[in-house]
Amino acid sequence: MLASEKRRGTPFFLRIATMRWLAVLVFLSFGTACFAQELPQRMTTAALPAEYEPHWVWVDDIAFGHMMDGRAYLVDADSEKFLGTLSTGGFFKKLELPTNTPEIYAAATFYTRVNRGERTDVVTVFDRQTLSPVDEIVIPPKRMTGAPTIAHSALTDDQRFMLVANLTPAQSVSVVDMQERKFVGEIATPGCTLVFPTGPRRFMSFCGDGSLLTVNLDAEGNDARQARSEPFFDPWQDPVSVKGVRVNDQWLFVSFDSQVHAVDIAGEEPRFLPTWSLLTDKDRRDSWRTGGIQMLAVHEKRGLLFTLMHRGGIETHKDPGNRVWVYDLATRERIRKIKLKGAATSIQVTQDDDPLLLAAFIGMPKLTVYDPDTGEHLRSISQLGSTITILQTN
Amino acid sequence: MLASEKRRGTPFFLRIATMRWLAVLVFLSFGTACFAQELPQRMTTAALPAEYEPHWVWVDDIAFGHMMDGRAYLVDADSEKFLGTLSTGGFFKKLELPTNTPEIYAAATFYTRVNRGERTDVVTVFDRQTLSPVDEIVIPPKRMTGAPTIAHSALTDDQRFMLVANLTPAQSVSVVDMQERKFVGEIATPGCTLVFPTGPRRFMSFCGDGSLLTVNLDAEGNDARQARSEPFFDPWQDPVSVKGVRVNDQWLFVSFDSQVHAVDIAGEEPRFLPTWSLLTDKDRRDSWRTGGIQMLAVHEKRGLLFTLMHRGGIETHKDPGNRVWVYDLATRERIRKIKLKGAATSIQVTQDDDPLLLAAFIGMPKLTVYDPDTGEHLRSISQLGSTITILQTN
Amino acid sequence: MKLLDRWVETRTRRVAQRTSRRHFVGRLGVLLLGGSVLPLLPVARATAAPDDGLPDEATLPGKTGDPTNCNYWRHCAIDGFPCACCGGSETACPPGTELSAVTWIGTCRNPGNNKDYIISYNDCCGKSPCGRCMCFRAEGDKPVYLPPKSNDINWCQGTNSNIYHCTISVVIGEAGSG
Amino acid sequence: MKLLDRWVETRTRRVAQRTSRRHFVGRLGVLLLGGSVLPLLPVARATAAPDDGLPDEATLPGKTGDPTNCNYWRHCAIDGFPCACCGGSETACPPGTELSAVTWIGTCRNPGNNKDYIISYNDCCGKSPCGRCMCFRAEGDKPVYLPPKSNDINWCQGTNSNIYHCTISVVIGEAGSG
């Protein structure tokens, strides 16, 4: 169908935009209307609907070779259509995708001379329909940089405050009020790092002794109360990876030895559920292990956990994998093994009733799409920048 | 030899630097001397000699996919050693390499938010030994951007003034006094573009009617006198490419039909020498043609012209070639045909008595090195960024 | 040279106008959100004509009717990324990019009726280069001293940002009719 | 946790000092031209020892003695570009880059004497990433909540620019001696 759509001259997604959501199409006219008849073809600028399709995916590109020019690509994992680009800026990690406002947020770092000069860190607000930057909030030039995770920044569950992890190497969190469009303040989190939202006005950070720091914000976004848990693992024995995934009121993390640590965040204090292993004894003998950049994904409604697997020693805990194993979170049973078409460092699953499994390898500018039920490779979307890291669905 | 040099732990070029030119090695010490004995290995920062080897080549990378992060790489075409990087900035075209001061100049464009915000154009002054930026001069934000040529900027022959071509699309030239480190002014060159130095305080630009505009600067770098030549070719009939090369008191240009136009610049006004063809009748029947980004090179002392050739119609005048033909400029005879190992869009020749022929293809981050006398492929230096354009020797 | 002179003159005036506009809207945080009014390219105006005669693109042979393909008939002088691969189409800039006001002009033959058409290659600007479907065709391309005929020039000019993202290929009239 | 606490405390103090220094020298045009005085990394100081015992690198097997190769023995926990491929060496930053003061620490076995050594992986900063000889090894690497043991952190910190260019691998002592 796409091919025939294409031939009629108007791209599929543009027609969707106009027909289904009556989205704004920004027409750049030629000065005055009287030129219109002289110019048979109008030049326009495309726009997107306020509500995205569930199979539209943000593909985050840190542009490792040119890290001050990060980008995110919006692609339709069904039609393979490339929908648009966000130029997100330096040291790009991930987008924040609020559901209560047609906006997208991204923290970024800029220098007056690209790689040198004066540093400025900002949160940029993009319009979800036009993909244009519409506002920015300057934050302290302290953002934590390096390999991206989903926890380098976050929105509180009420979507009011954006949290940005800092490391200078002193550890802290910048709080930005996205409603008032202002920087609220910096919360010191000594010995603890990254931001995992755990409630309307609450987040937690990972500490070096294997504990979690919970920070409660007041109505204005200030640090109201901090509480530190008991250590729930030994970081020198079997470190828990920070590359976790949230499923409802739990955060799931996996240790280097593929032990699942589930943290219940329903209450004021995190509760640590009994650990369980992704591996059988035979898996362990065969050296199976989780690895990658974004190595866990969940389908919330179905209660499924997807893990990116490879074989290797402890020092391969960040290596790509070409297997995805699927677990039923209720029974903790492995229900499926999927063989990917190639190595992947990131996996993601769309959250709709007819989900897609998505995979990407940082060394290959391509998104691959699978059926999560059968493991069948459905399609690939290529020419996506240079170094794909986090995959984000709506 | 290189291999054994390498194994001793100190890179070849560093040892050259210390032994042969007594170059400065900038040692970053550890606070106080008393730590030295505790730390067996000193961490240092390498530096280069004030005078470069004749086979050291600057490889300019416009970083087309991330064009605000241009770079230049210094490589030793003998040892294959990578010597250093300049982060030159946005819309990078080429370096200026004065011989009277150990500095390197590059014009660049910056935005406050990488791809958006406020634009600032500058000439950056780099130190030739440390490759650090040591100064910058702000110029009007009007630099001509697009596919690079050697004529997007230039130094006057006395090396005092740097000239930067502007296109907004109004055409002009920015003059920068590199001795006083200040922007002098902008010279309007309506209908004429690019800057080709033709004397101590003189340059010429190509005009749309096939003529040349000569601009004479006064002692302060201001526009003292302009003179426009008669048209010397018909740009609608057989356009002359601006991708010329200078040999002593001549600028050599080649038309789309491979006619050589030599412009004598010894006098106040350019003198147009009789044209001659690179092609025989048979070559023409076989559709041989010059093409590429930097498609001409000369060895001045030997009086040799090197041209990058391929087969194709007039619309292929920018296509890569895999042949280099060598002409004796005194006799206008073709004396050699060299078959390259692959496609090239840029060629260059070192100017010493034992020259090397250099080639690069914009689609492949690699510099290939040939013997210009035998055509023998000597070596390749790979992993050089993304989109190599101009090759510059000293 | 009349055409060229007029082109340069008009551009010079326009850039002067733009400069103050940039200072007004160009700073980040007050970026314009569409609705720009762009003046007509004089070259385009001179040759503009209705395109009633354009054959249905679905009937064109091979890939000459597919704007995501470099062989698309209107791409005959493109040097860059077709916006149809970047979130736009052959006539639409991708979301969040700004249409350049000035442009270069090519002449391409429509394989459906074998007529030549004037194509305006307008760059879409302000985001890092799209990087998809790189096309390198130079039919009728001239050196940079003939700017309106040169694809070696970054045509992101008169825009809030001069960063090149992709190019659209718009039919502005039949060749020879202007 | 004593080691980590001390590390964090020291860094915090240092960053406060650095902030004013950055404001003094960090603007373009007054970039520092070498001669920086960097404080010693406490982790390094604690374990530092003379390297008289280091075997001649020329005698090491395979590529374990070649700092431009990812199998170089000191690169066992590197995640990035070895400076030896970028115009520097295993102990020298390339020209024009700035040595990071803070760092991560690995432990690598020298195949010449089978002894373990503490390696400091200092990043060289301030130029666009080198992009050559990408190495991805993570022996002993820990998550980012243990910063001095993590190569997932951009260690271009306390420098005038935080852009990562490449990494040197410097022996700072025998393991277990500190």
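Should a chain be cited, it is by its letter among A, B, C and D, assigned in written order, with residues numbered from 1 in that chain.
The rule we apply is simple: contacts are C-beta pairs under 8 Å (C-beta built on N, C-alpha and C of every residue); 3 or more make two chains touch, one makes a residue touch a chain.
This is a predicted model, so every value here is computed, not measured.
Centroid distances built from C-alpha atoms place A farthest away from chain B. Chain A and chain D have centres, each the mean of its CA atoms, that are 29 Å apart.
Chain geometry summary: the mean Cα position of chain C and that of chain D are 49 Å apart.
Chain B has its Cα centroid 42 Å from the Cα centroid of chain A.
Residues of chain B in contact with at least two other chains: 65-66, 68-69, 87, 112-116, 133, 136, 385. Within chain C, contacts with two or more other chains are made by residues 28, 31, 126-128, 131, 163.
Going by the touch rule set out above, the chain pairs that meet are A-B, A-C, A-D, B-C, B-D. On chain A, the positions that touch chain D within their shared complex are 64-68, 91, 109, 111-119, 144-147, 149, 167-171, 190-194, 206-209, 235, 239-242, 315-318. On the chain C side of its complex with chain B, the touching residues are 1, 4-5, 7-8, 11-12, 15, 26-28, 31, 79, 102, 126-129, 131, 136-147, 152-154, 156-157, 160-164.
Residues 63, 65-66, 68-69, 87, 89-90, 108, 110, 112-116, 120, 122, 124, 133, 136, 385-386 of chain A touch chain B in their complex. Contact residues of chain C toward chain A in the complex are 28-29, 31, 33-40, 44-45, 48-52, 54, 57-58, 65-68, 84-99, 120, 122, 124, 126-128, 130-133, 163, 165, 168, 170-173. Across the complex, chain B meets chain D through its residues 4, 6-11, 14, 26, 28-31, 35, 37-48, 69, 71, 74, 82-87, 126-127, 129-136, 383, 385.
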